[in-house]
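Note that chain A is present in both complexes that follow, paired respectively with chain B and with chain C.
Moving on, here comes the complex of A and B:
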């Protein structure tokens, strides 16, 4: 009887363990194996052990430095835009008003949009000839002639950043709003009695209360932005001349277009190493697991 | 007193402006897509840009529905998303129950494992999965997509489901088992009905995840009749000139199911998303 009880949790967990081991663990192991082989779909008869060749190719790839810098810009600016705007949205939504439910339903909608739709829509908004953004900027006299946003090495990455920021604002809004609503009203009242002004209340009461949520949300979001490749694939496909590629979209292109699976997998292994470091930092910063243990 | 009143009024106006700003930002792209889908080709390709369709027409929608493989894409997307949702739901219910109701060795590691798997980029597993699916003759099938989407959505959904289970007092179960219910009966007859909102939220979450994926489909699917909506529609994007009217019509049609589902169960999805991160 006791033995059966001990087995129970494992019976419940079996489906999740199985799925993740077979369909995630096994492919990841394969990814490592591929990273050390010379694997091109176009030359299947010629698959050989390659040692560190793929990794060497990455470090010798002239585009990698620029793409790494792009990735950095892409993550930082998208995250900053999402965080700041999401925060403002959450603050404005904090107190109830008539129609708040409907308002939230509309404003949170972009979260349910696919990268494909978002990419498509923004590509069309930024269109060089018939897009409204060029038209509006021109009419307000902010530019003197229409700009080919997606076709310019200077602007292409920024159009992608704006599109992804747009899609991600609701996520931050949702998380921060929930955190704000969980702040103990008694604490705020006590601060009022102690004579704290609005700014002091915000800085010394609200912020410390929502800090744990904020950190978890930011850290998870950072990695999701890093991983995002579909909006870039649709809007610019990395162009012009790789100037709007990030590491994730570059990896997809390497696998899908050039069919160099070895190279793509080597990039993937580097991702894994980076992720392990990031997760260690995450656990340390958020003190994840400590409450559960 | 009057100074206090003006301050309050200013704050209120500021708040309304902020809320209006966000409404505008969110609606503008959707509005632009919608009116483009209702314009004639001539009205789209004109330098005198129309912010209201001069000659509104449903021609683009008719073309998309009748002259393309849209209906096949739609059918594939529905099949893939519904099946993914059902499988994920089963795994999430069992896993979520196990995590919320038992203490056992390795639980902390498991939770961390679910967190880490949410961070793995999909592009990372596409290449090895592609090769594995081809080696077992599952290349270019909807099954391969379903497997991919299940794997991607399981970690988050198990954690979310665990949160929903944790909200139900264990006393409910104990009372039922004293009354002679077996474990299976307790779960199916007592616990799951109470959890209906959570169950719907998890299903919708997995459904939307599968519905929205693009790159997995691009990588795995070759044949025209196996393409899902984003994959099928995106194959027109790269071509020399895009027919924006039809693209936007197709996009709007693809958007409707996931947007409707989201609006209907938004409350519960938000609850599920936030319960993990906000410890309130």
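Moving on, here comes the complex of A and C:
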């Protein structure tokens, strides 16, 4: 009976195991296999073992250093913007007010848009000739002549960061708001009685209470931002001169312009290794597991 | 215990219903076939859909389906930007549509992957084969396909070539006429004269991204007499003439005759730039005529033939999408019947009218839709006795990477001042030389990309 009991959860989990195996396990293993093969879609009858050739090719690519740095900037700044603005949004929506439901519905909309629409919209907003952003900056006298945001290596990456940050704010907002609403009011009251001021209440009571949510949300978002390619592809296509590519968009462009899926898979495997290291380090540093125990 | 039973029951019910659904689908499929008799389904995919084009296709398909009760053509489409990726994915999954529209640029990939069916046997019995116009027959079918790949795999369905769209009202204000724009020199001069930054008015619609470098290449190749490679496969652009032409063309952007944003301009942006009154001269293909007719005032614009190079010839391009038949098709004879139907001269004219192509079948010479108005500049370019079709960059498999990720970036680096013209040209030239020479070793029988005249003769 005991043995049966132990097995029971696994029996019921079988469908999910199967789904995971088919939709995650197989592509993952296949990606690793491709990374070590000469695999060009147009030469499928000529697939050979490549050893580490594909990985070597990555490190020999002249653009890869700049693109890695771009990726780092892209992830850090997008995440920081989303976290801070998402937090503010959640705090603003915490207390009930008239029309909160409607307001909530509207501000959470960006999350529901596809990257394609967000990309096109921001491409238009940042347009140097007709874009409203240039127009507003000019009218307020902040700039003296139009700036070509998408056409300049200095700004192109930032336009993409802003677009993606805008899209991701609601997600942080939703997650943090849910966590805030579950903070025990008794704890806050106790802190007030003990003479804690607003900042102390926030730092010593609220933050520890919502920490697990924060950690999971940050971790998830980092991975999603890192893997995001659609907005870049649409807004700048990595240009000018590759200055707004990140590893994900570069991988996508390479995969479909060279049809060299071996090379693209090697990039993908490197991604995965990088992400695993990041997640392990992140969990360790934030003491996520210990907190749980 | 009750709960356990319940959950087991639920899982069982789920499995049973899933199984039943699977079986059920099969059954209905079988029934469908029985009731419909022997109707064979042909999937047809368009890769550059727009409303007018889709309507023309839908009408022709309906016509075909009515006349051929044993075949049912089903229309599918995918936006141009995603079409290459989509077809490649379908091809590698073994589920390409029976007939699809394919672009010349994919020739090398699609033939080497064996995704297309050789059509020569079908063409031999084709009743309309002798009605194809000379350029299409000599250059697009004989020279580009048979000569290079040894067989024909695509039937062109409508010709498109480049011409210059110009703002006639701006020319007038600047004291210029369209005759001043007959040569590339004239285009450069006029771009300068038409540029008035204070009025937000720029001479040239410069395409800096998304295959923009190809437009620069058109001028550079023209100044090289249309010759891209030496006999041994060395690229000829890294030469004083090549570098001079490169600098001259890029000066359109660097000297401010195009807006700064133009470095990020692709097709959409450059066309918008012209139609919205930002740029005065636009190098584009004939489908843009419709956009201009819709959004610009009559009498403010026109099209003129593609400019002549300094040797007096018009070096340009004229290609067509192909109707290709997938090698994965199970109903090839029916698929051919559909292609044949689409190319009946009257049907081809219908499609060309809707898409603003030059028809590939004879008989359109007297149709004012193709000889007057916005189409005139294009037809005149094609009819010019000095018209020379520029060479392709190559047939090597690296072509996609070169065009989509390498070429633009190298040109952009020069436009941004990140490297010199000589460095950019050297990188581009080295890339092409390496790829071409490697390809020549692997496929010694494939000819070197060369310029061709309308009669199919090479420019040596």
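Going forward, the second predicted complex is superposed on the first by the 262 of 293 C-alpha atoms of A that agree within 3 Å, B and C clash if a C-alpha of one lies under 4 Å from a C-alpha of the other, contacts with A are read in each partner's own complex, and residues count from 1 in each chain.
Everything that follows uses one rule, which is that a contact is a pair of C-beta atoms (placed from the backbone, for glycine too) under 8 Å apart; a residue touches a chain by one contact, two chains touch by 3 or more.
Everything numeric here is computed off the predicted structure, so don't read it as measured data.
Asks: After the chain A overlay, clash or fit between chain B and chain C?
Replies: clash
Asks: Per the overlay, which chain contacts more chain A residues, chain B or chain C?
Replies: Counted on chain A, the partner with more touching residues turns out to be B.
Asks: Kindly classify A:44 by the partners it touches after superposition: chain B alone (first), chain C alone (second), both, or neither?
Replies: In the superposition, A:44 touches chain C alone.
Asks: Is A:92 in contact with chain B, with chain C, with both, or with neither (first, second, both, neither)?
Replies: first
Asks: Which partner does A:175 contact after superposing on A: first (chain B), second (chain C), both, neither?
Replies: first
Asks: Based on the superposed arrangement, let me know which partner A:129 touches: chain B (first), chain C (second), both, or neither?
Replies: Both partners.
Asks: Check the residue A:12 against both partner chains and state whether it touches chain B (first), chain C (second), both, or neither.
Replies: both
Asks: Is A:115 touching the first partner chain B, the second partner chain C, both, or neither of them?
Replies: First partner only.
Asks: Per the contact definition in the header, classify A:237: touching chain B only (first), chain C only (second), both, or neither.
Replies: Both partners, chain B and chain C.
Asks: Of the partners chain B and chain C, which touch A:256 in the superposed model: first, second, both, neither?
Replies: In the superposition, A:256 contacts both chain B and chain C.
Asks: Considering only the listed stretches 135-143, 243-251 or 261-269 of chain B, which one runs into chain C in the superposition?
Replies: That would be 135-143, the one stretch with clashes.
Asks: Return the residues of chain A at which the contacts from chain B and from chain C coincide.
Replies: Residues common to the chain A contacts of chain C and of chain B are 12, 129-130, 237, 256, listed in rising order.
Asks: Note which residues of chain A are touching chain B in the complex, please.
Replies: 6, 8-16, 19-20, 23-24, 26-28, 30-31, 34, 85, 88-89, 92-93, 103-118, 120-125, 129-130, 132, 135, 166, 169, 174-175, 178-179, 181-182, 212-213, 216-217, 220, 223-224, 226-227, 229-230, 233-234, 237, 248, 251-252, 255-256, 261, 264-265, 268, 271-272, 275, 278-279, 283, 288-289, 291-293
Asks: What part of chain C is in contact with chain A in the complex they form?
Replies: Checking each residue of chain C against chain A gives 7, 11, 84-85, 88, 91-92, 108-110, 112-113, 200, 208-210, 259-264, 266, 273, 276, 278, 397-398, 400-401, 403-405, 408-409, 412-413, 415-416, 418.
Asks: Which residues of chain A touch chain C in their complex?
Replies: 12, 40-44, 63, 127-130, 146, 148, 150-153, 156, 236-237, 239-242, 253-254, 256-260
Asks: Going by the contact rule set out above, which residues of chain B touch chain A in the complex?
Replies: Where chain B meets chain A, its residues are 15, 18-19, 22-23, 25-27, 29-30, 32-33, 36, 44-47, 49, 51, 90-92, 94-95, 97-99, 101-102, 104, 107-108, 110-129, 131-132, 147-148, 150-151, 154-155, 158, 183, 208, 211-215, 218-219, 230, 233-234, 237-238, 244, 247-248, 251, 254-255, 258-259, 261-263, 266, 270, 273-274, 277-280.
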